[in-house]
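Two complexes come next, and they have one chain in common, chain A, joined by chain B in the first and chain C in the second.
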Partner chain A sequence: MLERILSEVRDMSRRAVMSPVTFSLLFAFALAAAIVAVTGGDPLAAGEEMVTGAVTGSGLRNTLGRAIPIVGMALAVSVAFRSGIINLGGEGQMVIGGLAGTIVAIYVPGPGTLIVPLAMMTGAVVGALWAMLPAYGQTWLRLPILITSLLLNYVARAITGYLVRFPLSDVSVTLATTRQVPETARMPKMPIFGGVSLSLVLVIVLVALLWMVYTRAVAGYESQMTGFNMRSARYGGIDVEQRTVQVMVVAGAIGGLIGTHLIIGEALRFIDGELVLAGFAWTGLLVSLLAVNRPIPIFITGLFFSGLQIGGLAMQRNAGVSWRLSQVLQAVVIVAVACRLAIRRGERPSGEVSEAESAAVGEV
Partner chain B sequence: MFEEIFDAALFDSATRAMIPILLAALGGMICERAGVFQIALEGIMLAGAFAAVAGSYLAVSWTLGVVFGIAAGMLISLALAYGTVTRRGDPIVLGIALNLLAMGLTGFLLPQLFDVRGVFQHPRIDGLDRIAIPVLSDIPWIGPVLFDNTLLTYVALLLVPILWVFLFRTTIGLRLRGVGERPLAAETLGVSPTAYKYGAVLASGALAGLAGAQLSLGNVVQFAENMSSGRGWVAVVAVMLGRAHPVGVLAAAALFALAEALGFRFQGNGLPVQITDALPFVVTLLALIIARKRFARLLDLTTAA
Partner chain C sequence: MTFELELRGITKRYPGVLANDAVDLAVRPAEIHAIVGENGAGKTTLMSLLYGLFPPDEGEIFIRGEGVEFSSALDAIAAGLGMVHQSFKLFPTLSVADNVVFRQEPRRRGLIDRAASAARVRDLADRYGLAVDPEAAVEDLPVGVLQRVEILKALYRDAQVLILDEPTAVLTPQERDQLFEVIRRLRDAGRTILFITHKLGEVMAISDRVTVLRNGRAVADLVTAETDPAEITLHMTGRAVDLDRRAPEHQPDEAVLEVENLTVLGGHGRAVVKEASFQVRSGEIVGIAGVAGNGQSELIEALCGLREADTGTVTLSGRDITTADVAGRRTAGLAYIPEDRYGVGTTRQASVSENLLMGHHREETVQRRGWFDRNAVARLTRRLVEVFDIKVGSVSGPVSTLSGGNLQKVVVAREMEHGTPLLIAEQPTRGLDIGAIEFVHSQLIRYRDQGGAVLMVSAELSEILALSTRILVMFEGSIVATLDPRNVDEPEIGLYMTGAHLEAAVA
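For the complex of A and B:
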């Protein structure tokens, strides 16, 4: 009996050590250390700053705060990727929805208990509407969402840039920005870890909700089937077109929620270009890929990537090494994982990778 | 009104806008022909732009800058080739991750190596010389527009007929297309798909790297963070719209470049930058809608996978 348990533990630890994720993380950190050393930095000092910066002092609060948009955008990506829909438009959906929510927060009068939910809802609806453009583009016009959703990011940037520079501009400051969100319409902070935005609860609820939908509901099963194989899903009686639109609506709505949170909960002003600067949509995408689009691993991975970034900022302050190193680390992890063992966009039993996939890659 | 807008200066700025897109799209075209899905062009272009500026700064010579740009592009594309061809990884995942890697790496190296943020300008950075072709550059109107340009402009334009001949009139070109269209048949005939795919991806890396060099040493003489700003993605669309044919790709690249140049012009006429910046992307989307029947294969790849 004891022997069996021991061998199980040995097996598990061997699998963990041999797993492509472990290897990729080690590889990424080794490469990052080498880059720091080559460019004249001290990798050990930088690493120490990174770790302590992510968890000590205000680090933990900031890590939790930054995990909100990262996990949120990762959930948005995962909803689409699970169904085999390559939605690269998270950024645009976040920006457009975020501005819409901000407009409500600034211009609609009323008590905070009413305005904050109203702003969030507006952000979600507008984000969803923006996501419907590429969705219907694919179902009606057969334009690949991969391309259209991405191109629309630049259009969203332009539209919001124009709006905050002209009609919505706060003329009292030189920046291209909206007015400040009034105190009553801000997302409240919870009295934990020195003040974490209430949106963290929203994100946790989303994680739980998606986990339940994926594991318990018909819709989750159907969208997963669609991700495995769209043709057989259609043959099995799933309305793939309708499912595509639904999935994009959910993804866009989450993007709009996160965009609104980032303004009424963090920045308090919609400054032209600020929202895309941190690259939350893209970090979220990497998180979802690494977590194979599963909600609970997304939450854990999102916290980890958030810690990397917060630690990276501390490293920049104290060790003089640019926080962009965190972005390099994240991308290298994904490249390495993809090289070791093709990360797949939809979850599939690990057995049936080879033939179909190599054929798909070969025939493009 | 018409003559006020469509003058030689407009076509001059359109040519400048076209060359980086064309170079990257020709690279994407070779990959498409070899059956490799190449969406890392945006990142490769950015890395090429950065390396070109770095090389030019180090040697105070644009020649080395161009060499650096090519080398950086090939290095990133090597990762793509290894991942997709050797490891049979997902080309979309790898493409996205490599784009982000280039973004992070250039953003990291900029303050680390040159101690600046955002934009790197320096008198040591040697821009590409304009080389006037005798006689041809004296032709009124199109002479100065087309024949008084950087070396990379001529390379890009000459590559259109050269790649046409290569793809459709040489054995290697035939085999490359064979690898892309009928990999099994090609392999049966003793053609190694691996070698051809590696070659195609590395070539696309070199070309997108050149595109970056033209961007940072030709169009301007500086590196700015994320300066590829969507051009690599426009190049991906140009490959689709041009049906991976050199002439089609040239036409698509010219269309987007004209939209970008028109945007600049309208800016001069008082339209807000934010609106004119979106013009090439709106035109790209419209072109996609008009030519939409052509993307069945990409749609299959990205949906039925």
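For the complex of A and C:
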């Protein structure tokens, strides 16, 4: 028994060491160190500032806080990607849901325990409705979600921009913005690490829920199998069109939740264009790709990317190395992982399978 | 004596697999040398090594006594080898001549001399009896002619040794006989032919010598005239197998599937299935014969709900399912073994158990309110693996590691487990080795004997003849004949498959 556990552990650690992620991380950090050294900096000092900046003092709070939208948007995109749906509309779903939630938080009177959940739910519903547009566009009109969801991002920004400039504008300031979310309607902060938004719990619950769904629910099985091989899924009796709409609804709802959180938990005002500045939807997309769309690795990777960004700012403050280096790090990790995956795929021996495959396809 | 081609001790390893294990092969000049073996025996690997597609780990290759090392197929071509692959590698929009002379075009003043290339191709075709029009566009030609174009390509490059990889898989009996005629002529003109196949009838009909591969090793080198199918089978499988058994008589019962005037439109609004009407009754196997591409696939897809029917009705166990979706048809009582087991029948990235679950995943026995009962799922998959003897390391391992035969067992097991009144089996044994074919056939017969109705599409006429209670022949989308397997033979079915009976009627 002990031997089996030991060999299991050995096996796992070997896989971890050999995994493309480990390799990519080492490669990325080595390259970043080289860049710092070449430009006349001290790589060790920069690295130290980055790590301490990300996990000590207020850095840890900021890392956890920023991980909420990164992990959340990564979950949203992963749900779609797992079903083979290229949903690039996370940003639009986040923005439009976020504004809807904000409107509830600002204009609906009532106690916080009621208004905060109501605002979050409104954000989720409106984000989901927005995501249904490209979904039905694909199932009814055969418009590819890849394109419509991406273009609808600009529509969402234009609509919210108009709303906060005119009907919802706070005329007491010169910005194009809504009024501030009243004290009672804000997302509470938990008394840990100097105050982390309660939304972190929501994100953790989402991670656990999605993990459950994908490991033991019929819906998760159908989604995953559709993503693997749509023809086979359809053959097996899965209603691929219906699943597409359902998946987009879930993705849009998560986007709307995160958008609402970013206003009622962080910014407190919906300022035109500000929600998209940090690029959470796109960082989330990278995180999901890196974590191969699996919820628990997404959580870990999201925390890591958040730490990189927060640590990068600290590094700029204290070591004089531009925070953009952490963006370089992110990019190199992604590219290195992609390369490793591509190499692996190329290694597959072409044996008798390809013979039978071509026969099965009936190629001419 | 000097061999035209000799391989000594060729070994090729893949992770966990010894694809070729010290294979020796000696081919004499101007002989037709068959290479037979079950799927996975290492035939394709051996030919790829010979053709320079990748290098062997060990061993040597000699051509006319000289050692050679190929770093690519171009080296092999330069050394006088020519290969006709199973899937043709042609440019569909170009003419036959353009395809044949590609990269070695005759030139005049720096430009391609089209007239000369057509003349040379015509000359070459005439010499070996390869009836081809050099000016025809490749996309308009039937499969049998495409194969001749591939052979011409090799001859144009002056290949002394022609390697034909399962050349008859896509041919009608008539086309096959024509191909054999061409092969004999090539041999008589001094060329050497390597003929890869897993069909014993072809080995006996065409070859002079035969090398048998089993599990990556060359286990026998025989003179065809001095051996018989039983001996070759014994070498191929290591045991004796009887495939040539006619299905026992069985009395069919009431109609399970009724198809009336079914028309299916393909691309450009062209009818790919035309007014098909037939029945499948319980306790019978109805075999659909036809050359690939005459509407069989579209007919089956329309029956299974994967393709929309234009007109006509489909009734399953008394229920009209003409407009039902796939899930609706499956619950109405239909299971389906698809032709493409890699792209449709299974999902390569998923595990064996996930693949076995597909189609069962909404049944009350494995899930409650949308959540799987994981023990029930494990019980189902374990039972299927045991009952159908699927050779698999672990059911949670990826299905992509399974051999073709075991993969087909996954599909067959899963679909039969439904116990539906109707089973549709499309090319159920294509690409399988003899042992697996025997298994699938016995399962289809068991299904029928338990009162199931089976609709089977197959390109193998021997399979159609051996299993069917009735035979339908499809040609250009229409069912042109309903035949009794006791009263017909392969050539007669072949006539219907090629539409020759229509021409005969006109004349």
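Please note the rule applied: the second predicted complex is superposed on the first by the 311 of 364 C-alpha atoms of A that agree within 3 Å, B and C clash if a C-alpha of one lies under 4 Å from a C-alpha of the other, contacts with A are read in each partner's own complex, and residues count from 1 in each chain.
Operating definition for what follows: a contact is a pair of C-beta atoms (placed from the backbone, for glycine too) under 8 Å apart; a residue touches a chain by one contact, two chains touch by 3 or more.
Small disclaimer: the values here were computed from a predicted structure and weren't measured.
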Does chain C touch more residues of chain A than chain B does, or is it the other way round? B
In the overlaid three-chain picture, which partner chain does A:321 touch, first (chain B) or second (chain C), both, or neither? first
Does chain B (first) or chain C (second) touch A:235, or do both, or does neither? second
By the touch definition at the top of the document, which applies to A:171: first (chain B), second (chain C), both, or neither? neither
Output check: A:5 vs chain B and chain C. Expected answer is one of first, second, both, neither. What do you get? neither
Tell me which partner A:150 touches in the superposition: chain B (first), chain C (second), both or neither. first
Could you look at A:330 and tell me whether it touches chain B, chain C, both or neither (first, second, both, neither)? first
Figure out whether A:219 sits in contact with chain B (first) or chain C (second), or with both, or with neither. second
Per the definitions at the top, what is the overlap between the chain A residues touching chain B and those touching chain C? 229, 231, 357-358, 360-364
Can you list the chain C residues touching chain A in their complex? 14-15, 17, 19, 39-40, 42-45, 48, 86-88, 90, 92, 143, 146, 165-166, 169-170, 292-293, 304, 306, 325-327, 330, 336, 338-350, 354, 357-359, 361-362, 367, 370-372, 374, 403-404, 430-431
Which positions of chain A touch chain B when the two form their complex? 35, 39-41, 84-86, 88, 137-138, 141-148, 150-152, 154-155, 157-159, 161-162, 165-166, 229-231, 272, 279, 282, 285-286, 289, 321-322, 324-328, 330-332, 334-335, 338-346, 357-358, 360-364
In the complex with chain C, residue positions of chain A that touch it: 216-219, 221-222, 224-225, 228-229, 231-239, 349-364
Along chain B, where are the residues that touch chain A in the complex? 32, 35-37, 39, 79, 82-84, 87-94, 96-98, 100-101, 103-105, 107-113, 183, 193, 229-230, 233, 236-237, 240, 272-275, 277-278, 281-282, 284-285, 288-289, 292-293, 295-299, 301-305
